[in-house]
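In what follows, structures are represented as structure tokens.
Next come two complexes built around subunit A: one with subunit B, the other with subunit C.
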Partner chain A sequence: MIEQIRKELQNPSDLFSDTLDNGIIQMEVCYFPSLCDPTLIKDGLLVPFSYRFELPVFNRMIEADPCFSEVDEPQLWTNLLLKGTLLFKIEDTVYRFDAQRKLFDRPDEVQIESTLQGPQSAMTEDLDMNVSLVRLRYNEPTLCVEQHVLGEASKSRVTLLYDAELVNRDVLEQINIRLSKVKVKTLRATGLLLKELSGRRHKLFPIILQTERPDRIATMLERGKVALLLDGSRFGLVLPVRMFDFMHAMDDDYEFHWMSKFLLMLRYVAMVLTITLPATYIAIVSYNPEVLRVQLTLSIAGSRVVVPYPSFIEVFLMLFMIEALIEASLRLPRSIGSTATTVGGLILGQSIQQAGLVSSIMIIVTSVVAISNFVIPNNGFGYSIRFIKYVFVIVSIFYGLLGVVVTFFSLIVYWCSLRSFGQPYLAVYVPKNEAKRHHAAAKGGRSS
Partner chain B sequence: MIRYFYYHVFYVGMINIMMFVPTLLIRDRFHGAVSGMLVAIAISSVMSLVTMACFERFPGLGYPEISDLYLPRWLTKVNILSAALFVWLPSGIIVLYSYAETARMFFYPDMPPLVNLILLAGAAAWASCQSTRTVQFIQEIAMVLITPLIILFLLKAITNENMNWDAIRYVAGYVRIAPSFITIAASTFLFSGYMSLVLFNRMHEEGFKFKFRWVVPLFSSLFLAVTFFVPIGFHGTVGVQEYVYLWSMTADSMALDYGFINRVLYVFLLMFTGISLLYVMNTWHTTIHFIRYTLNGYKSVEETPASRINIWFSVGIGAAAFVYMYFISTEENQRVSEVWIITRFFVEILTVFMMLYFVWRQKKSKSKNKPRAEAQSAAIGKAAE
Partner chain C sequence: MKKIAASILILGFLASSSGCGFKDLDKRFFVVAMGVDWTGDKEKPYEVTLRLAIPASKIGEGLAESQVEHLAAPSIAEAVRNLKSHVDKELDFGQCRIFLFGKTLIKHSMEEPLNWLSRRRDIQLISYAAVAQPTAMAILKANPATERIAGNAFFLTFGKEGTVSPYTVTEYLFDIFRRFSEKGMDPYFPTIRFDGDSYVVENLVLLNKTKEQLLLNRAETILYNLSANSFSRSGIAINYEGKRLVLYISRVSRDVSITRDRVPTVKLRFKITGIVEQSAVVLLNSKIPEVQGLLEQEMNRTTKKLLIKIRNAGVDPYGFGLHYLAKYFGNEQDWKHWQEVYPQVKFEVSSRVIIESTGLVR
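What follows is the complex of A and B.
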């Protein structure tokens, strides 16, 4: 066995293989020490093998313990070893012993979607841990857990979770079709899986929700959605989703009703502001100053007196600054991050206005845009919003205020035309099986 | 999902301003407009309720499919195609033109009109090439966003202290003059939101019923009263005839005391951007789907992303809007809209009678013998497939 494995794996130096002898019987062992848990091997295999060894007792243990099983097919050996399984051979029979090293034995702390009073545990990079975290919160016998293996080189395990009674069968069917079409070499992160499953490449908005919170996955499962977990990633995917799901923070479920509704409204207002404010500034300054009341128009014009160029250059200048600042503070180590924000935000903001390069109103606009963007609870959706505001800016350069309004209408058209696995992306209330009927119509069934 | 139907009624009730209906009504205010409006309310209430009742009997079928069941194919095709090209298409173009002109006049008078049209026609064409289901969702979201503005605007208008109620009472006193035909035709336009059923009935499910159907006559009558009387209240019985952009001027007569915006005119224009685009989207969408039906009998309500053929049609329609704007002036547009309003009035009556005929045929074949009725319903099912 050992020779064959060594040959197949091109004699790796990190593979441990040996023939153990306890005086009664010989056993060939081979495993990757880096992938296996040494205490587990010691307690589970080496101790029974060495102390008070009796063959019938040992055989009984191998039969009875689910961690052991026989491996008849030699072509599976290398794969099993690479997954962190130990192989041993006694009396011409090869057995496996699952002794994977668990890197994570406790839930992670939430880092991105933090809440004040909700659960603080997040998913880990270990799939089995994550499944147990979800099962803990959604303890229903109807919860289905399906295993898939994706990625030609990485052979990553992907788990599909759904409630068999609540799930929309159409959605499930579409996911299975798309999962079977996934063609990637290595599946490193859920983001890659998200792109592969979304279908069209050039989507402006995510149609799958990425989350690190097991409680969010549990609530979504309860609503009949499907969750995907990937081994090695501390994020889960939830689908199908609607636009409203991206604006929902878990705190909304945990705080009292009216306050959370108010905060939800606030988030939508912030989203509209961050999308339209720079474009509106251009429109007001360069095209339609008469729209605002006179005093306001005068103070805007007054603050722009020293600025030598048209408003859209000002806007691009400031938006570039703020985007660069966000990008820089994202990658910097935490200790330097605060310096960057102070220099970039406070000092630069103050002096750029005093130098007369941009107006003070524009500084306010930039800050409102940045802060409002951070109000959006979902990171992926926030990115899309950050991008879409440039479309508005460009249209407003040519069309002013009307351009902003018409582009907003077009944005609604775009949102409404998106489908997340056949379900509408933006629609106020749609009965659960409404989509099904129309799908039937599209495929040639009854159109009613 | 019957609520989607009422959105059609609402925005068509408001879009009359872009169709020059107020101008037509005001022109005849001493010559039978008030009585004409009353007659129109009666006619339209009957027509809308009858049409709704007729469509209730054909769940999931649009007008083309129903017509195919009882009329020869060529006749249906001619019918549908001419309805698409001579009723639905021009209505969108007329509204787009008049809104583009209004917006240009108040937002940026220096800009060439056609440049302005690129933006509006582009947005409307893109919206109209989406699937029927998407179009419905867009309508709902847009209406939810616009409704607060409408309420604000109506409250502003009705509670305004500059509104002269005596002028309104004075004009209303001309109710005894015999109605003029053009005011009847023009006023019935406010009710014709129910005509969207010819396409959107495809979205309705087996056994659907219109709840709250009294909303249609009630709200349309309300909009009719507002559209006619509010300008008179602001500008007086005689001064009201002086304006080309009558309603924009009426909106400009009001002021917002608080907030960033001072003139209600801008609230009004923003609101009508949405409503006009909605109206144009729906009419062009109906046009596209009617043409597609005559070409290959296509009748699905769901396709994402929008298919190539839809995009080409909508581009063609957008180009038609350009050609129209290039050759037709604003005054001519007003005359075209007058012709269109009268044509539409007769087409609507024709449609109602045809629907009644179809229902009669359906009843007859059902009562004659049971097996044939089953074959009939199977045929309906087949047509729906």
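What follows is the complex of A and C.
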């Protein structure tokens, strides 16, 4: 066995293989120490093999323990070894012993979608842990867990979770079709899987929700949605989703009703502001100054007197600054992270206006845009919103306020035209338990 | 690739076809008030005055800087075009909230100024309009002591956000256009003059479809505002037991009906609710019905007098003619009939005054 494996794996140096002899029988052992848990091997295999060894007892253990099983086909050996399985051979029979090293044994802390008074545990990079986290929160016998393996080189495990009684069958069918079409070499992150499953690459908005919170996945499962978990990624994918799901923070479910409704409204206002404000600034300054009251118009004109360039150059300059600042604070090592905010926020904001490059109103516009953008609870959706505002800016350079209005209308039309796995993206009136509706429809013989 | 090229091309075409020009705020001169006077000169009868705001980044004491430009020309359009060469930035009428017409112009004819105003795209229809005494130029050159932003005193005077006076009848440009063209409804303008440190708006000029016919005095103006626009916050004053008694009107509703006799009768009914604002005589609850009766009589008498005065001047700012036509499916014949009989139209005014309280003093 050992010779064959060593040959197939090109004689790797990190493979451990030996023939053990306890005086009664001989056993060939072969495993990757880096992929296996040494204490597990010691307690599970080496101790029973070496101390007070009796062959019938040892055989009974191999027969009874689910961690052990016989491997008949030699072509599976290398694959099993690479997954972190130990192989041993006793009397011409090859057995496997599952002794994968578990890197994560407790849930992660939430890092992106933090809440104040909700659960603080997030998913880990270990698939089995994640499945257990979801099962813990959605403890129904109807919860289906389907395993797929994707990626030619990475052979990543992907788990499909759904409630068999609630799920929309049309959606499930589509996912299975798309999963079977996924062709990637390595599947490194859920983001890749998201792109592969979304179909066309040029979509401006995500149609799959990416989340790190097991409680969000549980709520979504309860509503009949499908969740996808990928081994090695601390994010899960949820689909099909509507635009409103991206604007929903988990806090909304946990906090005081009226305040959370108010905050929800605030988020939508912030979204509209961050999309349209830079464009509206250009439109008002360069095309339609009659929109504002005369007092404000005159004070904008006053603050712009020293600015030598047209309004759109001012806007591009400031938007570039703020995007660079955001990108820099993301990439900077944590220990020098505060440098970016100090340099960018305090020094630049003050002096760029004093130098007469931008007007003071533009500074306000920029900060409103930046702050409102981060009010959006979902990062992927926030990225789309961050991008879409440039479309508005470019249109407003040529068409003024009318252009902004028409582009906003087009945006709504675009949202309406989007489909997330066959389900409308901007369906406003969908019952909370949306899946129930699909099932009633299915019973009535109609397809939804 | 073809698709992208095509879309860039289309975008390019569209970009070059954009409507109004790209011009930054600080490259525009905002006209905050505009005045038109009639000089009487044969060659250049229209004197156009523009008040231009000079933007300031700091707003404070005495910073209401503005520049006044004026020019006489054969027409308003020519005057404005010529004025463009007198300033260094593009003129923008977008923020012009007030149009003033000189006393002489309104006595001559309003047709040409209104024609120019209604054709311009950048004229805001929510602007106010007023008659300037003695001339629009004099009003625009005046500097009110309390003005902090150029032209702000006009907006505060006429708009409801500043002072709300029953003497100030606010007239918007869109309403003027309507009144100048609508059958059975005639336009009016408030008058504005400058008393040395502030603007005074307390009279009303009534016009037929072209020029001034009647100037209402202060008492008539407040009564017109009450009876035509249901403007509360005004008052009725009577002599009661030899002393002055004033009712503050907090709510007023009116109802008009017109009979279809050969000579129609216009019936006006008012319901006025208010409180006693001032009374030298101690007013007991038992006397309130008596006072109410006296107030009603006063209201009926003065209103009827005003209505007859307006009718005799041959104008109809209340829109009784329009009401008549609307009520009786007016065709051309009805309209002719109304015009014939309008000088003899009878008025009936009945009012109900309710004194809610006598103020804090019981």
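Going forward, the second predicted complex is superposed on the first by the 429 of 448 C-alpha atoms of A that agree within 3 Å, B and C clash if a C-alpha of one lies under 4 Å from a C-alpha of the other, contacts with A are read in each partner's own complex, and residues count from 1 in each chain.
Everything that follows uses one rule, which is that contacts are C-beta pairs under 8 Å (C-beta built on N, C-alpha and C of every residue); 3 or more make two chains touch, one makes a residue touch a chain.
These numbers were taken from a predicted model, which means no experiment stands behind them.
Student: Have a look at where A:Y399 lands relative to subunit B and subunit C in the superposition and call it first, second, both or neither.
Tutor: both
Student: Tell me which partner A:Y287 touches in the superposition: subunit B (first), subunit C (second), both or neither.
Tutor: Both: A:Y287 reaches subunit B and subunit C.
Student: So, does A:V57 touch the first partner subunit B, the second partner subunit C, both, or neither?
Tutor: After superposition on chain A, A:V57 lies in contact with neither partner.
Student: Looking at subunit A, which partner touches more of its residues: subunit C or subunit B?
Tutor: B
Student: Give one of first, second, both or neither to describe whether A:R419 is in contact with subunit B, with subunit C, with both, or with none.
Tutor: First partner only.
Student: Tell me the contact category for A:A427 with respect to subunit B and subunit C: first, second, both or neither.
Tutor: first
Student: Touching A:S410 in the superposition: subunit B (first), subunit C (second), both, neither?
Tutor: So A:S410 only meets subunit B here.
Student: Is A:R304 in contact with subunit B, with subunit C, with both, or with neither (first, second, both, neither)?
Tutor: So A:R304 only meets subunit C here.
Student: Going by the contact rule set out at the top, does A:L296 touch subunit B (first), subunit C (second), both, or neither?
Tutor: first
Student: For subunit A, which residues lie in the overlap of the subunit B contacts and the subunit C contacts?
Tutor: 287-288, 290, 294, 399-400, 402.
Student: Going by the contact rule set out above, which residues of subunit A touch subunit B in the complex?
Tutor: Spelled out, the residues of subunit A in touch with subunit B are 200, 287-288, 290-294, 296, 395, 399-403, 405-407, 409-410, 412-413, 415-419, 424, 426-428, 430-431, 434, 437-439, 441-442, 444-448.
Student: Sort out for me which residues of subunit B touch subunit A in the complex.
Tutor: 1, 59-61, 103, 107-108, 116, 119-120, 123, 126-127, 130-131, 133-134, 137-138, 140-142, 144-145, 202, 204-206, 259-263, 266, 269-270, 273-274, 277, 299-306, 381, 384-385
Student: Subunit A touches which residues of subunit C in the complex?
Tutor: 14-15, 18-20, 22-26, 28, 30, 32, 53, 55-59, 92, 94-95, 97, 122, 124, 149-152, 155
Student: For the complex, give me every residue of subunit A touching subunit C.
Tutor: Residue positions touching the partner: 284-290, 294-295, 297-305, 307, 310-311, 360, 397-400, 402.
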